[in-house]
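What follows is one structure encoded as structure tokens, with my remarks underneath.
Every chain is named by a letter (A, B, C, D and E) in the order it is written, and numbering of its residues begins at 1.
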Amino acid sequence: MEEKNVYQPYLMRIASIIDETPDVKTFRLEFINEEEGKQFNFLAGQFGEYSVFGEGESTFCIASSPTRDGYIECTFRKMGRVTKALASKEVGDTIGFRGPYGNTFPIDRWKGKSLLFVTGGIALPPLRCVIWNALDTRENFKDVTVVYGARSVQDLVYKHELDEWEKRSDVKLITTVDPGGETKEWKGEIGFVPTVLEKAAPSSADTIALLCGPPIMIKLTMPVLTKLGFSPDNIFTTLENRMKCGIGKCGRCNVGKYFVCKDGPVFTFAQVNQLPPEY
Amino acid sequence: MAEFEPKIIAFVCNWCTYTGADLTGTSRIKHATNVRIIRLPCTGRIDFMLLMKAFARGADGVIVSGCHPNDCHYTSGNFHARRRWILFRSLLNFMGVDARRIIFSWVSAAEGAKWAEVVNTAVKEIRALGPYDEYKNLAPIRASWRTEHAG
Amino acid sequence: MQDKIIQKAKELLSGGAVQVVIGYGQGTGDRVRAIFIQKPEDAGRLIMDGRCVQNLAGYLMKHEVRALGRAAIVARMPVLRSIAQLMYEEQFKDSDVAVIGISDANELVDLPDLNALKEYVRANPLKLTPEEQAEVDRLDAMTREERWAFWMEETSKCIKCYACRASCPMCYCARCTVEVNQPQWISVPSHDLGNLEWHIMRAMHLAGRCVNCGECTRACPVGIPLRLLNQRIIADIADNFGEEEDYALAAFKPDDKEDFIR
Amino acid sequence: MSRIGVFVCHCGENISATVDCAGVAEAMSRVPGVVHSVDYKYMCSDPGQTMIKDAIKEKKLDGVVVSACSPHMHEPTFRRACAEAGLNPYLCEMANIREHCSWVHEKSEATTLKAIDLVHKMVEKVKKNQPLYSIKVPVTKTALVLGGGIAGIQAALDIANAGHKVVMVERSPSIGGHMSQLSETFPTLDCSQCILTPRMVEVAQHPNITLYTYSELESMDGFIGNFKVRIRKKARCVDEKLCTGCGLCTTKCPTKKIPSEFNEGLGMRSAIYVPFPQAVPNKPVIDKTQCTFFLKGKCKVCEKVCPTKAIRYDQEDEIIEVDIGAIVLATGFNVLGAEHFPEYGYGRYRDVIQGLQFERIASASGPTSGAIRRPSDGTEPETIVFIACAGSRDEAKGIPYCSKICCMYTAKHAMLYKHKVHHGKAYVFYMDIRAGGKMYEEFVRRAIEEDDVKYIRGRVSRIYEEDGKLIVKGADTLLGHQAIEIRADMVVLASAAVANDGAEELAQKLHVSYDPYHFFAEAHPKLRPVETNTAGIFLAGACQAPRDIPETVSQASGAASKVAALFSQSELTREPVIAVVNRIAPPLYSTCTGCALCVPACPYQAIEMEEIKNRDGVVVKRAAKINPGLCQGCGTCVALCRVKAIDLQGFSNEQVFAELMAL
Amino acid sequence: MTDKKTIKKSSLDDLFKKMMADGKRVLAPVRKGETVLFQEVDGYSAVAADYVQTTLSAKEALLPRCEEMMRFTTAQSTVSLEEGPAKPSPVVVFGVRPCDARSIAVVNAVYLKDYNDALYKEKSDSTTIIAVSCAKSDEYCFCTSVGGSPGSTEGSDILLTLIDGDTYLAEILTDKGKAVVSIAPALFAAAGSEVKEKHLADVPVQFDLGALEKKLPGAFDGAVWITQSLRCIGCGTCSYVCPACTCFDIQDETDGTRGMRFRCWDSCGFGQFTLHTSGHNPREVQSQRWRQRIMHKFSYQPDQLQVVGCVGCGRCSRACPVDMNILQHIKDIVEAR
């Protein structure tokens, strides 16, 4: 019996494309080989390597929830060679996917707790996976609160889903844009995420916080969360580093002795605080 | 056996040689079909790496052509290009790359007939040199695929 | 000679003119290596002898070295040339660097500032030695096929460790062409094409800039005689364009040779 | 870019006769990213363009490749069509399968395969195209007219009358050009100076025209709407402000035996001279090569006699810098010199002259006051032989083209002669009579029929002198090459019109192209006859090709209207094909490494180094920056940039690379 | 129990020929100018003599500098993945030093843990290592300081030790080793009571590995990294010559519709190694990269994979263009207070 080449991706068909912002897209991907699709499983927080054949691979999280069968979704910004090539793909085109890789958010351990999601800009996708996972198994959790900010209204991703969450009574959504980024129609908050979070002052009692965003946002939000009573081991985040293999072999994504790809990407801030600043 | 049809890629400037080649067309001067023209604004724009890449891409020959000295639409692009070629040609030759496969010429917008002649001569010369497999096969993608298909 | 350098380094450091002196010191076994003297009392560790050939100019561009403050550098002719070229390329200002210059005749050269250095370099134009020219000629005398075989054999050893690039003071680009991937100009993998493209590209990018210090050849772990390529170009520039320009490829003469152009 | 539409044009049968257009379209439909691929008979026609527009809308195309003729032909057409359909025009590219394929190859599989390659490479290129936006640049509403002949005069007056400033530069001391030398003009035989002089005066007096005579273009920089020209005003050695044009200096000048240029050497002038009495400006100039003072250091007669003390021996050439928005080239032509006609004895026999000399002889203002006289002995010639095509249409003389004006002026000359010397005999040796033009054919017929000019179809093989007569030997090809020998008193050569001296050098200064005979090249022989390939530089008159006066005047007005149209806007939109140095997010800010080696390589001095500051205002690096107003888009810097930080919009590295990789 | 035999030096050529006849490619150290490189040979006569260490290690037999991972063909909207590279033919690498042989354990730990790297595994399974003990060493060698020795058998299939001018003691260590013997049993003789130890080079222990491993986790923020690496120029030589360095890059190349994906050596010494697309670089300067190299080998790998990422072959120090001497630097770290 021949061993499968771990670097050989699944072939995926692009089932749909959503233009989130001028340079952010969401792809829904379906397995071309249905057998592979049936056997495929993943958990919230995991990521994969997406291939454009001839251009290379790029790493991003699986943005859809493991509770949704039959497809995975990814959201990416046009940045480098591969993401630009990905962005030029159309519905029906074939790309490659390797994964799922990495650890997961320990959702099972959070049964009966409240969840607070704090995120900004293009960092929503990894949490969107958890949010839908929680909403699809809503009975397992108490309050679900989402604080999401972006530089401007145009930069908000998953706008249609934000609308949906807005309407739901079982999720509290607070959206905000940086001052100057609002439009006339904007009904959400205006201000930076830490400020908005502080104002909303969600309870930390029996609550898990999930914090993902640009470094500056994290830096300014952590003190707020601490003030609200969250302990570092109850705050989860995901780290990103440059990766090639995704499976702990190519050697570049380590933060100290941990590989983000194998030992991460999900860390608690209790862990992050112990790590050298290599991310 | 069919005659070897070399693949020749031409990098030409927009103002002189491209227009000259247009004149070849308007004058209906028939010539060999082997050359594919890539239009650039000026010979000064022609990066030596494009020439290298043409061979890697499977070209058997390359033509580089632009305005005659002093005629450059941009005053001096062709002078800069000429210096670059002097060194590049010499370097390639020094490394054993077959510099005969790069044909440099000046063809003005009025020299439709000369362009046809440059093309025909290039095709004849490159045909005589044969396919440039030595270079093409440096890339594993060509070498191994080719041999497997041949086998 | 060595004493004079030590003396000069001491002066520069104790007077506060510079914060670091880049020179040569004892290395492993009988090797010498670059050392960075920051205190006058350490200046005695400086060495100057026939082993001190590494081109130290590249260190002037290194972030962590620059962070030490104004530097003085022990500079033989190739280093002086590198500094002159780097200045022409606006990589540092006069005030950034002091030089402890050493002539080809092994004399301390008084170069109070970098303008003096430029003049000195201009007065001593770059030429291949007869031995170097002979080696270039030896390859030229081969048939094209022989040269191809020679270079294929040599470049087949290349592992793309980029020691040639890292050791070269002129290879300071923020992002090397080989790392530019839109489009991917140079084939990255270390196969025959990738290796050949890399070395052609590097030689061309050094055309008119290389100072013939030989660092690439010395640095190469697998012994590829890379400097031959640069020497061929140096000779070509001298033969075809003369020596007056700072950068031959940004200049031209209306009557440059064109016997190869139809 | 991934929703590409491909439109393959048959160009009637121009393409489809040798290329399988449907096959090309079919092949393209299989290329990844192509969502629409069709062929059609005339893509540039209205229905053709509508097909493109409809497809852009219906298929949401984000790139278009029109596979048809040369982009030099129809790129603007199709880009406009795309823009009208809401697609950025720079997302449209043309594949040239006509000039570069169907017209130069026979019908064959190879031809179609080539066409497929040519289209495919443009498809790959267009995938990498970026929307571009044309650049606005201000327009300096001053025109430079180079040359003060009838072409320049007409253009200058038209532009000036449209309300724009004109700077006219004339190389010789007076404007007027060749037309001022002519006696009468065909086909109406009105006096040349009579119709020209008023216009010359108008130029001199027009408030919108600044005239620099005895001046030449020194250099030109810049680009359409924004040229900077330097004019060398040669030292006249006369203060033009003080000089009243009284002419005392010219009459008193002791050096008088200098062949007059205006009279084509048939008359004499002094060392300080006005070329001809009606000269504009009517101010003398000292010929330093002949003036005794300049040659021997003493004389100064003119200074002594000048009533207004206007002589300035120490005057130096002056360089005048002017900002110019458009340039009209009207530098005219010259006639083939004596050295080209040894077989006719021109230069050896004084009575063998060329056409312009005959004009001077026939002119009332000429050396003989209009009487037809032999230069050698001043006698009235009984027999004159006119030789047409002297040099023209003669491959051996390197002039395969027709000089166009000779047939007509030769008929005129013969006619003028016959009108003045009624008993004289006029013979014309000709190859063909080309009299296309209003009243032209009638004019020639009149010479033959009414004035009894003998037309002999044939070439003159030899001319020699014998007993004071010129023996003209030739053959009449209409009479079976019968040998003909004519004993003539005078021979007039209709010598070929050639490009003016220094035309090549001037073209190089102006970056305009020229043909193998150094006539300036028009942008398109049919559709853009008064434009050059350099935007903002236009052509008028015989500097482009031999022309007669009516043609010259109409072309000059055409050029003037182009200038006026250009000046009707205060801003000009320029093609955004320019180089750009990238700027990216911190901490890199730009991949430019700041080596500054591109700076000296730029032919337009468009690159400078810019200090890049971080948020705190600290200079973090220096990077090249390109002035979009100065950059002309040659791309020399792009090829030189090692880190590929500079790219050329429209011909970017990615675009060119993609093209190459498609082959 | 290790099977001990002897083989005459003069029989090695025969052995080579027999192995080749058996369908194996034989790689051995060959002298090229001033370098000694592993290359395919057609007989023992080509093998270099008298060198302390090869310039490049033998890892390329298992981990080529540029290795095809897969190939693909793209069409308008479909992709087909094709059979990867052909199965590697059996290889015998002769003349590997014991330190290099030990490095295979490091590579195994990286490539076969968690995700089994089939590309590597196939090559590893089809490769037989015939190591030769070190009779000589130089000032760069420190195998004994990292748990090895000039006669270590770890990782080898057969270890040869020259016990007199003409005779090798052959320790047959694995089944692959036995298979080699079985190809040419006649060339091997039963070994006597010879012990190899007295024929080995003397490589003194230079530092206390345990102390180093203990010290490093707390040394992350030390100034030592900057002082040591000031002269480091950031090339990849150390990683590329290192037998235990395994980091790689992945590169695609296409020829229009056909493409290949390659695994290429990469080095933590390069600034680009960790550079994010955004321009952010977690290891921005050379001192951080130098620290990564030492930490990875002497702290992270022992901690995570229970294997020291350095076998003390000294190649990196020999090859370094600027004389970064790893042994000296490690000693300095251990000895620093």
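Just so it is clear, a contact is a pair of C-beta atoms (placed from the backbone, for glycine too) under 8 Å apart; a residue touches a chain by one contact, two chains touch by 3 or more.
Fair warning: this is a prediction, and the values are worked out from it, not measured in the lab.
Steps from chain A to chain D, taking the shortest chain of touch contacts, total 1.
Considering every other chain in turn, the ones in contact with both chain A and chain C prove to be D, E. When chain centres are taken as C-alpha averages, the shortest distance to the whole-protein C-alpha average belongs to B. A centroid comparison over C-alpha atoms places A as the chain most distant from chain B.
As a whole-number value, the distance joining the C-alpha centres of chain A and chain E reads 39 Å. Averaged C-alpha coordinates put the centre of chain C at 32 Å from the centre of chain E. The geometric centre of chain A is 50 Å away from that of chain B, both derived from CA atoms. Multi-chain contact residues of chain C, defined as those touching 2 or more other chains: 175, 177, 182, 185, 187, 189, 191, 249-251. Chain D has residues 32, 588, 601, 640, 653, 657, 661 in contact with two or more other chains. In chain A, the positions touching at least two other chains are 80, 90, 93. Chain pairs that touch, as defined above: A-C, A-D, A-E, B-C, B-D, B-E, C-D, C-E, D-E.
Residue ranges of chain E in contact with chain C, taken from their complex: 32-35, 37, 55-56, 65-66, 139-140, 226, 229-231, 233-237, 239-241, 249, 251, 253, 262, 264-265, 267, 270, 272, 285-287, 317, 319, 321-323, 325, 328. If you check the complex, the residues on chain C that touch chain A are 181-182, 184. Note for the complex: chain D touches chain A at residues 1-3, 32-33, 35, 127. Residues of chain D that touch chain E in their complex: 30-32, 584-588, 661-662.
Partner chain E is touched in their complex by these residues of chain C: 27-29, 31-36, 54, 58-59, 62-65, 157, 159-163, 165-167, 175, 179, 187-191, 194, 215, 218-219, 221-223.
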